[in-house]
Amino acid sequence: MVRSSLRWMPAVLVPLVIGTGVVVAGASPVVTLEEKTPEQVLALVAASDVRSFSGTIQQTSRLGLPEFPSTDSGSDSTTDSVASALELITGAHEARVFVDGPQRARVQITENLAERDVIRSGSEVWTYDSEAKEATHLTLPDKTAAHDSPAWTPGEIAARALAAVTPSTEVSLDPASRVAGRSTYELVLTPRTEDTLVGSVTIAVDSESGMPLAASVHARGESAPAFRVAFTAIDLAAPAARLFAFTPPAEATVKEESVPDAALPGTLDARDLRSAVPPFGVSGSDWSTVVELPSGSAPPELLASPLFASLATPVDGGKLLGSALLNVLVTDDGRVFAGAVPLNVLQDAAANR
Amino acid sequence: MTVAGTGLAIETRGLSKRFGHQDAVDDVDLTVPAGTVFGFLGPNGSGKTTTIRMLLGLASATRGEATVLGQELPGALSSVLPRIGALVEGPAFYPFLSGTANLMRLDSADRYASGSTRRSRVDAALDRVGLTHAAGKRVKAYSLGMKQRLGLASALLSPRELLVLDEPTNGLDPQGTREVRNLIRSFADDGATVFVSSHLLSEVEQMCTHAAIMSAGRLVAQGGLDELRRVGDAHVTVVTPDAERARRRLAAFGFVTDEPAEGSGRVRATVAVEAAAAPESIVAALVADGVRVRGFTVEQVTLEERFVALTGEGFDVVR
Amino acid sequence: MSSAEPGPARAIGERAPLGSPSGEGESRHPSLGISLLVSELSVIYRRPRTWALLAALAAVPILIAVAVRLTDDGPQPGRGPPFLDSITNNGLFVGFTALVVCIPLFLPLTVGVVAGDTIAGEAGHGTLRYLLIVPAGRVRLLLVKYVGAAIFCLSATLTIVLAGTVIGFALFPLGDVTLLSGDTIGPGESTLRLLLVAGYVTVSLLGLSAVGLFISTLTDVPVGAMAATIVIAVASQVVGALPQLAWLHPWLLSNHWLGFGDLLRQPISWDSFGANALLQLGYIALFGALAYGRFTTKDVLS
C-alpha cells in the first residue's frame, strides 16, 4: 500500500541524510583566500607572532610499521623518561597543547581513561603518567631554558621543513584549505631529487596568524600522508595560568631528575646528531641524507629479538627495516645505515664505506 | 456521528486479508446495523478475529474498505477508536500490576480521557463488572473469569458507542457466562451497538438480535436472527385420511408435497420458509376444505441446522 | 444510528464527563502523552524485574569497594580497572571504577533487557493490542516507550554512581580527586564531574536503546529482542577491538563508550562528549526511523 511504503521513507531518508552529511563534512572545503606566492606565505610564517595558544593536535602515521622503533638503548633511567616522551609522539596519538610564550607549555597525550602530561614552566619541567601514578620533576639547565617550545608542534616541524628550502626543493602552493576551522594556505615542498622516499611535505599555514596548523609528509607515490601532525582545534587566546602550575597529586610517586645535555629533545636533526654523538657518520645531503652508525652501535639484543626478525627483510648485503618514509639497513658486518631514501641508496652508501 | 447517514455501525466492502498464500478473510461485506446486538458466528479459525483486528486497526486490510461508526478506516482510526470499547482474543494484562493499576494504565493511554476523573471512572467500571473486591489484587492472582470481566471493564472506561467483544465468554464457567451475557444485554439497553464474536451458536441465539456467519474466511450469511432462521425450507406434516384434498390445499399455499406413501395417511410438504404461511391459517384452510386433520406438525429449521448447512463443518454446539 | 435521535445515540459506560461521546472529536483536547509516559514509568518501575536489574548494578560498586577494603596492601597503580588504585584514597572513585567495569557488559545487559522489552514485551503480554485500540497511537506509544527506556538508562547509571558513592563514603575517606591530568579538585567539583560522567554514560546507552526499540518491533518474543540487543552491544565491542576493521570503528555504537575520560581532564574536554552525542544521535535517528517504519506498518497479531 502507498501509505505503508510512505512510513518507511524516514528509514530511507535518515541514512541518506547522514551519508550526505558525512560526505559534505569530509569533502575538501572550498576556501577562497587572497592570492599569495609561496614567498609571501613564507614571509607570513616568518612574521607570525603567535606565542600563546591552546589546541588539540592529532598525529597520525601510516608508515607501514606497527610502531616507530625506539632508538634508545634504555641503558639509564634518565634518558628513559625523555625517550618515553619521544615515543609518545611517534605512534598515533592525540594531544592537547597549551602554550603561553616560549617558557610555559603543557602537553597532554590523551588516551582512553589515561593521560600523560609534560608541563613546563620556565626551567621547571614535570611529567605525569596517570596510569603509573608517577610524576617526574626535571630542572632544565639554563642553556636549554632559552630554547623555544617543544619540537613537535606543527610550527616546529614546519620550521624544520622551511629551513630545508634549498635548491633541492621545489616550493609551491596548493589550493587554500581549512584546518581546525581556520582557512589556510597549503605550502607544498617537493624534493627535486629522486633519491628519497619523501614525495612531498605539505604545510598548512593559518591565513590570519601565519601559524602553521598542519604538516603532512607524503611518501612517494602515496596519496594519503604517511605522517601528519595537525591541529583539530585551536584557540589563539592565552591559556589559564593555573594549567602551568603543577603540583603532583599526593598519592603519586615523585622522581627528581636532572637532564644531561645530550638527551634533550630537538636533537633529531642529522647534523645535531653528529655533533652530539661523535661516532655517527653522514653521507649524502638534504632529502637523500644517509646516517651511518659504526659496527657494534646497534644494540645486539635488539638485533637478536624476534620482533626485529619479523620486521626485517633480508636484502643484498644485510637486512632491511623498511617503512614508507624511512629505510634502515643493518649490514651483515653490523653497521647501520638509515635515511629517508630508497634501499639502493643505502646499499651504495654501505658499499662506498 | 455520520452513523446517521447509513444507520450502520460497521460496514465493510470486499474486506480481505491475506497471510502469505492463505486468505484468512476473503471478500467480506459485513453490515452491522446500529443499536443491535450482532453475533459474529463461525467456527474457530474462520476469520472472525482477523476481521475484528482489521476493524480495530490492529491489522491492515489487504483489500477492501471498512467504515466504522460512519468513518472510513484506517484513516479515521484515531477519532473512531475512542468511541469503541473492545475485547480482542481474550483479556491481556500486566500480571504484576493490580486490576486498578491495569485499568489506570489503559486509561492514561487514551489521549482524550481526563486525568482528573480517571480514578472514579476506573472504580465505576470495576464496580459494573463486579470486581471491586479484587481491585487491589495483582492480576496474576485473578481467575480467567475475573480477567475476562476486567477486560470488559477496560472496554467501559469511557462512554462507548460500539463494543466489539471477541469470544467474551471463552473459558468461563456457566455462572460467569450468564454474568457476561447479562452485562452485554445491559450494554445494549444503554443504546450501544454490541458486536460479539463467538463460535457458540447457543450463545449467539441467546444474546443477539442479528448475526453473520463466517466460514473459511468468507461471510456466508448475515441478517436478523429471524431472517436467518427463515432462510431455507420449512416442512409440515399433515396426518389425515383425506390426503388428496390436503395435498391440493397445501399446493395452493405454495407447498411441494412429497410422493404419497401408500395408505400412511401422512402428507409431508415442503415450502421455502419466507413463503410459509402461519401454521394456524394453514390448518384453518385445511379444515375449511373438509380435510379431517388428525395431526399437524411444523418442523422449524434451527439456526444450528442452517449453520451446519452453510459452513459444512462440525460446529461446536455443546459447550 | 443518528445523532439526531436521542435514544440510540446514547452510549454506554459511565456518566459521560465529556458530553456526548458521538460529539465531535475537535471539541476534545488531546493530552500530550505525559500521563502515558508517567504510566509507562510506573509500569517499568513497578516491575520486580526492573528492581532486580538495578540491584545487580548497585552490587557492582559494593563488591568492588568491599573487595578493595578487604585487601591488605590495596591495589597497585596500573593494574586492574582504571581508578581502582585511587579508591583507598577517595571513596568517590568507587563510582568511577564501577562505571568503567559496568560499561562493557552489565549496563548494555540491563539496557538490552529494558529496550528489547519495550514493544515485544507488550506484544508478549497481549497488552499491545489493548494499548493500540485505546488508542494510544502507534507513534505516540513508540515515543513514550523510547523515552521510558532512556529514563531507565539514566536511572541505571545513577544507581551505580549512587551506590558507589554511598559505599565509598562508608568504607573510605573522602578527599580531593586526582584527575587524569594529575591536577586535583575538591569534593564539590568532583561530584559535578561524577554526574557528568554518569550523563556521558547515559548518552552512550541511548543509541543502544534505539536499536533495542527497533528489534523489539520485529518480534512478539521479548526474550529474543533482549538477547539480540545485547548481542549487538557485545558484537560492536568485539569489532571495535579488531584493528583490521579500523575503518568501521568510527561508526560503531560502542566507539566512544569509554571516552568519558575526557571529562576527567584539566581543563575538561568536551570533544568525546560531542562526538559520542553525535554518534548516538545518528543511531537514534536511524533506528528510530526503522522502528517507526516497522511499527506503524505492522499487523499486531499477538
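Residue numbering begins at 1 within each chain, and the chains themselves are lettered A, B and C in the order written.
We take it that a residue touches a chain if its C-beta (ideal position, glycine included) is under 8 Å from a C-beta of that chain, and two chains touch if they have at least 3 such contacts.
All figures in this text were calculated on a predicted structure; none of them were measured in a lab.
K.L.:
Which of the chain pairs holds the record for C-beta pairs in contact?
P.N.:
Chains joined by the most C-beta contact pairs: B-C.
K.L.:
Taking each chain's centre as the average of its Cα atoms, which is closest to the average over all protein Cα atoms shown?
P.N.:
C
K.L.:
By mean C-alpha coordinates, which chain is most distant from chain A?
P.N.:
Following the centroid criterion, the farthest chain would be B.
K.L.:
Distance-wise, how many Å sit between the C-alpha centres of chain A and chain C, to the nearest whole number?
P.N.:
41
K.L.:
How many Å are there between the centre of chain B and the centre of chain C, using C-alpha atoms for each centre?
P.N.:
Centre-to-centre distance between chain B and chain C: 47 Å.
K.L.:
Could you please state the distance in Å, as a whole number, between where the Cα atoms of chain A are centred and where those of chain B are centred?
P.N.:
Computed value for the inter-centroid distance: 84 Å.
K.L.:
Can you list the chain C residues in contact with two or more other chains?
P.N.:
Answer for chain C, listing residues that touch two or more other chains: 297.
K.L.:
Spell out, as numbers or ranges, the residues of chain B touching 2 or more other chains.
P.N.:
Residues 60 of chain B each touch two or more of the other chains.
K.L.:
List, in ascending order, every residue of chain A touching at least 2 other chains.
P.N.:
Correct list: 4.
K.L.:
Taking the complex as given, what residues does chain B use to touch chain C?
P.N.:
The contact residues of chain B facing chain C are 1, 3-4, 7, 9, 34-35, 53, 56-60, 69, 77-79, 81-86, 88-90, 92-97, 101, 104-112, 114-115, 117, 121, 124-125, 128, 154, 156-161, 163, 186-187, 190-193.
K.L.:
Chain C touches which residues of chain A in the complex?
P.N.:
Interface residues on chain A, with respect to chain C: 4, 7-11, 13-15, 17-18, 56, 96, 108, 110-115, 117, 126, 128, 130-135, 233, 240, 243, 246-252.
K.L.:
So in the complex, the part of chain C that touches chain A is made up of which residues?
P.N.:
77-78, 82-83, 85-86, 89, 100, 176, 178, 180-184, 258-262, 264-267, 269, 271, 282, 285-286, 289-290, 292-293, 296-297
K.L.:
Given the complex with chain B, which residues does chain C contribute to the contact?
P.N.:
Contact set of chain C toward chain B: 1-4, 7-14, 16-18, 21-25, 28-31, 33, 35-36, 38-39, 42-43, 46-48, 125-127, 129-137, 140-141, 297, 299-301.
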